[in-house]
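You will see two complexes here that share chain A, one where it goes with chain B and one where it goes with chain C.
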Partner chain A sequence: MSNVVTEPPVVAPVEAPPAPRRPLTRLEPVVQAIVPVLLSILASGVLLAILGRDPFAFYGNILHNGLLTDFGVQQSIVRMATLLLLAGGLIVAFRANLWNIGGDGQWLLAAAFVAGIAPSVVGGLGMAVGLPLMIVIGAVVGAAWTIVPAVLKAYYGVNEIITTLMMNFVGIALANILVKGPFLTDKPGVPRTEILPLDQRLPMLGGSQIHAGIIVAVAMMLVIHVVMTRTPLGLRLRVLGSNHRAAVHLGLRPQRLTLIAFAASGALIGMSGAVSMLGDWGSFRADFNPAYGLLMVPVVFLARMNALATIAFVALFAVIQIGGDTATRLADLPTAFILVLVGLLLFFMTITEFHRVRRQRRLAVASRAPRSAGAEEVR
Partner chain B sequence: MSNLLTEPVLTALVAGALLAMVPLMFAALGESISERAGVLNIGLEGMMLFGAYAGFNGALYIHSSWIGLLLGAFGGMLAALVMVVLCVWMRLDQIVVGVGLFLFAEGVTSLLHGAQFGDSYPRIDHVSEIEVPLLSKIPVLGESVFHQHPIVYVGIAAVFLVHWMLRRTSAGLNLRAAGETPSALDAAGVDVTRTRTLAVLACGALAGIGGAYLSIIAAGSFTPMMTQGVGFIGIVLAMLARGKVMWVIALSFLFGISLSISTALQLAGVNISTDVIQMLPYVTVIAVLLLFARRSYLPSALALPYFRGER
Partner chain C sequence: MITPDHLTSTAPTGGGASPAPAVELRGITKAYPGVVANDDIDLSVYAGEVHGLLGENGAGKSTLMSILSGMVQPDAGTIRVGGQEVSITSPRKALELGIGTVYQHLTLVPTLTVLENLMMGSGSALLDFGGARARFDELVATLGARIDPNAVASTLSLGELQQVEIVKALWRETRILVLDEPTSMLTPQGVTELQGVMQRLKDSGIAIIFITHKLHEAIEIGDRVSILKAGRRVGGIEPDELRARTPDELKTRIIDTMFGEGAAQLAGVAEMEVHTEEGGHHRELSGEVALELIDLSVDGGADEASVHDMTLSVHRGEILGIAGVDGNGQRQLAQAIAGQRPISGGDIRLEGSSIRKLGVPDRQRRGIGYVTDDRLHEGTVLDMSVAMNIVLKRIGERPFWRRGAIRQQEIDAFARDLVQRYEVRTPSVETNIGTLSGGNIQKVLLARELAFDPKLILYNKPTYGLDVKTASFVRSQIREQAEQGITVIVISTELDELVALCDRIAVMSSGRLTGVVDNGAGAHARVGELMLA
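Take a look at the complex of A and B:
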């Protein structure tokens, strides 16, 4: 195992045939993404069979209730809006090699804040001004919650995993304090914020149950894609992410870039919380925590941190989540079963990646045209 | 406020803090070992869940908390094996695999529990505590500190042992080298992969014991997702301890107090929201980091897979 790199060229054909490989390499990212999905579905199916459930009926139910019914597909699209913005926030940070693991705290704090003040703000200013303003406020709260980790990382080199994790716990607690304190309604029952009236929430699209959040989310993903791939800022962030030392030598300012990446990440995650409150929930209940933050990590990796690919994978994930709710109930399984699927997906994904890197190395050695399939590929 | 310092309140406080501290201590100790060897283990919580589930089953069917704890250690090691194969042997991204392991463990243990017990939550109620003779008669401390399951003392002893091992033995030196400059360790003829493998397995075993303590001794039953962030706090503690394992004891006690103080305060008739109290230790640590913003020390090869011949 330990001699993967130093492996001598065992087979060194004189003429490596590069031509027939062309179409394959173009398709490779797609294959690379679909193989682990299929493998995890297969493995989970075996697990289902062991547990005495019919895997075909189970997956059929997921598909049926998440995609093929009117209600299901609308629910999936609504869920997609929230998850997309969150995933976008992770992309921006991860691309800059900043591990923002505390997404849930940022999300919940923004959601609690928005849910708390939305009824009075939207009621007072009207929907046309109020709703966009609330989304901006969500973004500001989310971004504000990244300031401490960002400053500690940028200026003192304090590891961001530990600081975002700590801020995560503080954010969760603070969201609950807000909801049980200043934003509490006098209604009996679970402590919660004032409910935003249905006719003041994000408008529904064309008589469906899908709110306008999905437009915001897809638009933001396109913006992220363009910024990350077509602008100097995106290039700088990617340079910072792939090689910190190179970034310094290029004259980039890592500190400023770190602050920008963290703020953008938190802002997108905060927008996600705001959209979720303004669109689907309308009110924040105490101890509410759907924990989407960590769930989006595998999805973002599966999409190789590409914003466009992320849209496709988030769609798939939303269908699995919405359909899975019903499917697990029908099969009399805990909803956590979906987590098994996601966990397996992550493992298979990393393994597929491992084989790709190894094959590329072997090809590089074989064709005697050593490409740098080294550290960058593994990362 | 005068009834804050009464005996029952203090006893509840110290006893509760110890109860909350033990799983944290085991988890953070394991994470410290793994991090010193250069493997950042984000899946710590998953290892604890495996340990909690396996340990609970052991204690339930074999009627011994010791067997349960042992099985918990094996459960944790089983989860750690995933980390070993994917991150140490195949050198895949430690953070991605760690997150995957956590989600997977949450799912699998809930699933197994559901398949096994349905909606019922059987309890274990034959856990043996020991009373240290004479010492257990001391007011406050006697009732709390010297009236515990012996694994508490084993845990504290384990911290001292690891401390000694890291500082004074060649195995400890190898471990630290694997985290600082694995290439030097390799050049010295020591197998980096093997060193890291052992460190991650040890981490899994300790996390598993911590999880088993939660289910067997602290709660007396297994509930899905019962660790509720203890593993992640363990990661934070290990990083705060900066690889100096003696700090793990003090830090876990501090966080243990904060996790248990609300019960004691309620006994004293003081009502502060648990949210505020649970927030305090993090706020304190963040404030300290901001004020004395020293560079946090972490092993320089942390989270980097080791490829022979590179660099």
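Take a look at the complex of A and C:
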């Protein structure tokens, strides 16, 4: 089924001098993103069949419960809000070639902090001031948790993958200490923060179950898109990400840019944690860790770190997550089966990417030949 | 006389009863997707002869060498070694056939001794130190070299390392030696020494293929010359011819062969050979000091060269050359002046005021431009367009950005104008710069520096890897800038180029300034001496 899509675009004949833009060039990124999705669906389908489940029913259930029911679609959109902000945070860092793998630590710490103080702050200041303030506080906490890796990277060149990963463990532990210590309520059961009353959470949109977080999230994604594509800061981050030595040569102050990119990344991830607490949960339970941060890494790659494309892929991912919850239960599979699907997706992404790079290299070699030959004729 | 290849390539010297060639290539063709790297090449190399293989970058020299050394298999054609048709299927097979190769880059393991390096390819389970030592002494005697077999490789000079590489290539009964651009990392004295080595090898009956992109070397060193262009052998010079003509006549003919009849008359191309110009220009130097280095030191750390206590003044409108063997601190010096690298001591003054504490952007604003030697990995962002690369040193400034938003039309129009003025060959300004040739990328970098009224431009190896025409374009640009009062510093390892361009030539060795030579008669030799000081 997928051969049709993967077939390499026809290479323009070498002798055609100003190689006309091949019609498939523009569509290539889209094809490049969809092929691994289709392949992973296919492979998981085979796996389901081997396990004795009906793959069509399984995918049908995902679609039905994630998208086609009122409740499902609303749940998916709510989930999108959290995931989008997180993905946005990853985009900012990844574009600058900074691998912030510690999203979960930043997210949980911000979430725990916001959940801990939200009831008193929102209760005291009112929703109009309190809720935006809490989102800002989440952003500040998330950004703060990137300071150590950012400084180590910017000034000492310490590999940020390792430092952010290490800070992750510390962040997760610290979030739990906060919840079991200063923010603990005296309610019985699992240790948790005080619950933010339902009427003080992020307001619902037009009588639906969808809270205002999605507006914040989509707005931030548009801001990220404009900043990355239109502004000097975005260009500087892209240059830094594309070629660090060039950034030094061009005078872009790579150290400052590194700090900025990390701070922005942590801030967006912290906002995600805040929105999740203020909209979805209202309280932070001890040992809560949905691990969205790592899950968003492949999604952001799939979208080629383009903020607008990320919205589409996050939507797809949210539907799979929400629908998959029910679908796995109905198929009597562990919910972790969804992770198998995501894992296969990553696997096929890597393969398609490998093919793309190889083909591009071949085309680059091919396109150089006629040009240098042509140059001689002109002179 | 230069004749079409089918007439000369297989005809032995003098047409009489010459011996069969040591290596004979017939119709060698190798195509990569979209590029024919070698196109129907015929080549004969005789024992006791140096065959100069001359061509610009991308002419197919490397591919031909890879085929001979067994790294690449030709698509078509036959290879005969000593009259026998062979197929060189692997580097090991090449060695068995007696073909040894000295690559442009060093292949010795720096932590091993010379002898250990030479024994690395040994197939036996136990190392035979005695046998190896005997073989080593024999080969070193042939070369006329003096190398300590027990010295650790990293302690040897570049010239000595290269001699060891040659010994290594000769290790197994080698009859055919391929030298890939062997002069590129040597001082003029080192080149002379290498010539002596090659003479001795010739005398012992070895056939040498000498690959070079320098015209005068091919003529001076080669007994026979083949010219490659765009994958084809476009002509050659036979030994009789080579002896009968003067070097200038030969050069003119080769240039005509490479670029078409009459090309040598074009001022720019004839300038490729710059000896004749030596001492030809005397410009009045301004007394005004533009840039001063005062006891400048730059710490290169463990992996890079350092600069020690350099004191030097550069005058306004002057072209100052900085000569030296590659890797003697030139790059670190350039980066320190551009502001890309902190200095560890001393001071840098631009028009009297210290710029030591300023970062790259501030120095750019004061009029310092830097054209890096690494145009692919430092000078450009390869996955961005030509237009974007042109404004990357002006991000956020008017008229390219306004109120924080990019103005693509302004940028493209600005870029189109520069692309036209600097004759950059690109399909459009929106094309990714990574798809352009090295020469065109270099033109973009020149345009980028010159577009914003610089006071001082620092060039690091400005013509490295460029074709002759582009190199001459770059040199004429540099002259023009100096005429307009821009101060120019040119770092280069090509001494000929510095002699052709500069008013004065400073020489660096091991990170120190070893002298400054006024350009003129005898400058060439004097700079060569200082390079070793």
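Going forward, the second predicted complex is superposed on the first by the 345 of 379 C-alpha atoms of A that agree within 3 Å, B and C clash if a C-alpha of one lies under 4 Å from a C-alpha of the other, contacts with A are read in each partner's own complex, and residues count from 1 in each chain.
Simple rule for what comes next: a residue touches a chain if its C-beta (ideal position, glycine included) is under 8 Å from a C-beta of that chain, and two chains touch if they have at least 3 such contacts.
Not measured: the values here are computed from a predicted model.
In the superposed model, A:180 makes contact with chain B only, not with chain C.
In the superposed model, A:148 lies in contact with chain B only, and not with chain C. With both structures placed on the common chain, the touch criterion links A:198 to neither chain B nor chain C. Touched residues of chain A were counted for both chain B and chain C, and B has more of them. Once chain A of one complex is fitted onto chain A of the other, the partner contacts of A:231 are limited to chain C, with no touch recorded for chain B. In the superposition on chain A, contact of A:128 is made with neither chain B nor chain C. Of the two partner chains, chain B is the only one that A:333 touches; chain C does not reach it.
Overlaid on A, the two complexes show chain B and chain C touching the same residues of chain A, namely 375, 378-379. Within the complex formed with chain C, the chain A residues making contact are 14, 18-19, 229-232, 235-236, 238-239, 242-243, 245-246, 248-253, 362, 364-373, 375-376, 378-379. On the side of chain C, the complex with chain A involves touching residues 32-36, 58, 230, 338-340, 359-361, 363-364, 370, 372, 374, 377-384, 388, 392-393, 395-396, 401, 404-406, 425, 427, 434-435, 437, 469.
In the complex of the two chains, the chain B residues touching chain A come out as 40, 42, 82, 86, 89-93, 95-97, 99-108, 110-111, 113-115, 191-193, 224-225, 229, 232-233, 235-236, 239-240, 273, 275-276, 278-279, 282-283, 285-286, 289-290, 293-296, 298, 305, 307-310. In the complex of the two chains, the chain A residues touching chain B come out as 1-6, 47, 51, 99, 101, 148, 151-152, 155-159, 161-163, 165-170, 173-174, 176-177, 180, 294-295, 297-298, 301, 333-334, 336-347, 349-351, 353-354, 374-375, 378-379.
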